[in-house]
């Protein structure tokens, strides 16, 4: 850690900072320049994390050197993590497309969706049973019933299923049914939930929060990993900016940044990122081209009748066409779908 | 609801939209202009909320007319809501200052803080027992033990206490000890938690999320109100922007906007908004001047030793001075502290 | 235009609004619902633009129906605009790559860059003579001398050249040398400059401002078009958000949104968007896949010695490799490079 | 400057970086830790600014130590700068209120506004002659004619005048009439204009750009100062965020941050920040309480007829009332108005 001391700071104040760092078990290197004195704290940076050095008299700024995440970092593990789910390999050469309706509405409709997306080449079925909705007056999902419908659709198609968990009290119930546990953007920093996810033996798909930095996304993954579960899939789904033409702003650069920083698979959810079905096609192509390991796409047998997020759902025919086009793009960047 | 139809849309497509609106039980007024056809849907707008009209062929945009929140709106209730907590009236002419350490670290330190902030004029004691921390390696709070220390501090000073709830499984435990339940920014859209809060008989202080609009903050309050609890205090604590000179950007305008939109009391948390103790003084004055009903200020007997957010905590002596200065500003705007 | 009237507004106040709209020459349709009265102003919406209706007593909100841009809109012209520059067709099936150094540093270096990028397949040479720099102490460009060096590089390679104009006083000088005039992000709303650009007979590449919405970008293009010049190329180069892992956040969705809204060609500048050369490759692929009509890429013979933005510049060898890879992606989406 | 080297970097690569720094005339201190090697470059940091060290093999990140602005910094000059304009002292104990219409519409209306705002206590008259408007179809200001009307209003009232300059070609004309030159948010990084402003002998009021950091605002001020003019007033007028309830988000914390960083006076423009006249009153009070040296407030004799920004303009009677209330708040924080 580097500590920059303000000009004209008394020696006493500098000594006070130095003493504090040494107390924490680190060595200090002092460099006096014409304009600033710089302290280099050498040793275990984590031991300094809980000391508010920036509040000490004379301290101008504190600059950490090391990254705050460890287990999920590329430094910790150089090879890509590949996660096996019911025979599907996530994070490998093949790009994995997860598709299905935003929310499970009935056994029939989710099974129909499952059949259609499987035919088109999807490798996993998505569908919300517990739905986070901005308004208390909107459809909140079918809950346990919805999970059962998903299981029925899995039985018919063989597709592994992913569904969102919102409440630590539901973790056993959800794990009984799903193959991948989805954590939504609004719960990316629900730390109580993250700790519980560290104890389960299912993979977790962790969505980036609307206002979360890439570093914070990795810290949330570190929560799960440090509690024992390292089968984590990261998912970019758009961040909140001033632009209103799309529901959110897809931060497509986050994919190559994440691929450098972490060994975990990185997905993109074009449907939530843009919020408009007519933009899902080009954005999905961009996602494949940029190097995403998978996509999460909303498909509904009849979007006009969807109880949730119909505006961003593709019809099965359009999804099928998209998959064909994505295959060509995937090949162009040395991947398959 | 107003539905704008794209130029050159077929009559068939328009009829389809009209039919759908009528099916939902609303009347439709059609206005054909030279450039656009406009549909006005007259009746219960909520009945249309679940229909993704923007996805229908020919629809250019959909513009809701009514506000999505009801119970918390100023229209629903014209007078300010005043919430009584252990003899303290929140939302009345007196501005209520809540102060104390970021996290409870020991019985002694939180009691010392309580005595000091009471002397200075604070009306309520804050202190975190369960702490949401970005890193899994940071201090996570004392949990149940911390709640007991708060209770001890209350016994000594008589100050009502507020502490954060993060997990629905802790709701009974937390309610046993605290007088006001605090919901942090990261849980503003933890809808499972919000629903539970609707069932308790304690006031809730709901902090605005880092990327939450004012409308979304009100919708989260509506969750609590619609489940039965209307003793809600809203709290602005800074939003996330591109500016890095401060931890967050305090959206001070949100206070007069909220005072127009809702009858609920509105607080400001200057400490979290700016993240630097040396800015807490001027920002607190601005908060009082702009019309906030209360402040949430971090005070620690020894900020250099704070286990959490020491950089933004005031020493008791500085807090005491601040309170004196705030009294003068409060008087200047017709309030008291 | 739709005007929503607040509940409990007096008839007198409503009449006042209605009178004002009629005064401006529009007809008014009044719809009284249970909750709100809605006024529909029918006729030339532009005539209402200068009346601050939202400030009239009783007005809750004002919602425009029509888009504020005309000449640049897809409604005005259905077919893509193709701009010919020295034999290069911009906006056609072929994706046009513009490459070269951030700033012109010497005749030798810019000529070397020109030769290299041409060999790799670039169709146009970029190079800044006038440089907008955040600090007054940074290299400000060679000015007129730089333009001469660009002309020399053009003479050697035949590549048309693009360079930035920052000052209306330099417009004649710059137009004497360049084939496309570049307007940087910081000048997207330099309206005096935009008006002048409407009078020249050179194509303009207009970059989106750091905090500009897509609508505002189109309004700035409308400035140029309404003053007489409709040869405009739009360029997305990243917007400012809270994320700091990249220099800016590339808003990749803006491309398909713009392709719907306007007939003008749309480019992406990956170098400025991310600010790191090691991310330019995947982002360029995404740009091609999403449907951009061209790319603006920084290439420097020796990035370590670049006087400006070396961190985001590719070496010629890396650029050459990128072009080969882009050709495959272009083909995958039915384009060529 | 601190340069952090990636783990496992070769000695050769490190030597290369070290050589480069020494070549630039700085000394290098090398510190090898267990996890990272850290290079401290000691000497004139500016000499390193043009070397893209982050692009060198093995470099993880580059952290500057010194602030990039000098002349405008509090370090350079400890005392507050007080600027005298026609007998008005800006930056002193008295808070200076500048008021008037958004744009000059006629000699009569601007003179009427001037008389009214002077009566209420304003010390300076604002009014736009050249108007930056998002749409080319909106009123663009009266230009030279508008400046003459301002001069007439000054003659009647004695109030010094401030008006916006947008084009370097108008600088002589504008300086002939105005007492303070205003640079709008969209031109904060119009560096050609800033350089010219360094050569004039009029004070400049420099508004913060919509997406400009506090540091960038100071760098733009440094442009003016480094070219010879140090009579600069900074003005916060709201930044662009995701929140849409107000036109912009007033970054009120920027005032105390700026007062720490610079000796220049700092103003707030509540009218542009919020864009709604009904919020100007509370926001102005907050601005005074937080420590602003002045306010810029839009006042129009008849806002309903304003050709520009009527929605955010106060009627003279409301302005007069506001000034009375502000006087009490100013007194509460030890200032006068």
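Chains: A, B, C and D, in written order; residue numbering restarts at 1 for each.
Quick note on the criterion: a contact is a pair of C-beta atoms (placed from the backbone, for glycine too) under 8 Å apart; a residue touches a chain by one contact, two chains touch by 3 or more.
On a predicted model such as this, the values are computed, not experimentally measured, just so you know.
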Original post:
Chains in contact with chain A and with chain B: which ones?
Top reply: C, D
**OP:** With chain centres defined as mean CA positions, report which chain is farthest from chain A.
**Re:** D
Original post:
What is the distance, in whole Å, between the centres of chain B and chain D, each centre taken as the mean of its C-alpha atoms?
Top reply: 31
**OP:** Could you give the separation in Å between the centres of chain C and chain D, each centre being the mean of its C-alpha atoms?
**Re:** 26
Original post:
Once you find the CA centre of chain A and the CA centre of chain D, what distance in Å lies between them?
Top reply: 38
Original post:
Touching two or more other chains, which residues of chain A qualify?
Top reply: 211, 239-242, 244
**OP:** Assign the assembly's chain-to-chain touch graph to one of these shapes: line, ring, star, complete, other.
**Re:** complete
**OP:** Could you pull out which chain B residues touch chain A in their complex?
**Re:** 20, 46, 49-52, 54-56, 68, 130, 132-140, 166-169, 186-187, 189-192, 194-195, 209-211, 216, 219, 222-223, 226-227, 239-240, 276-277, 303-304, 306-311, 313
**OP:** Would you pull the chain D residues touching chain A in the complex into a rising list?
**Re:** 2, 4, 7, 29, 31, 33, 35-36, 38, 40, 42-43, 63, 65-66, 75, 240-242, 244
Subject >> Residue ranges of chain B touching chain D (in the complex, touch as defined) >> reply: 211, 213-215, 239, 241-246, 249-257, 260, 273-274, 278-279, 282-283, 285-291, 325, 328-329, 331-333
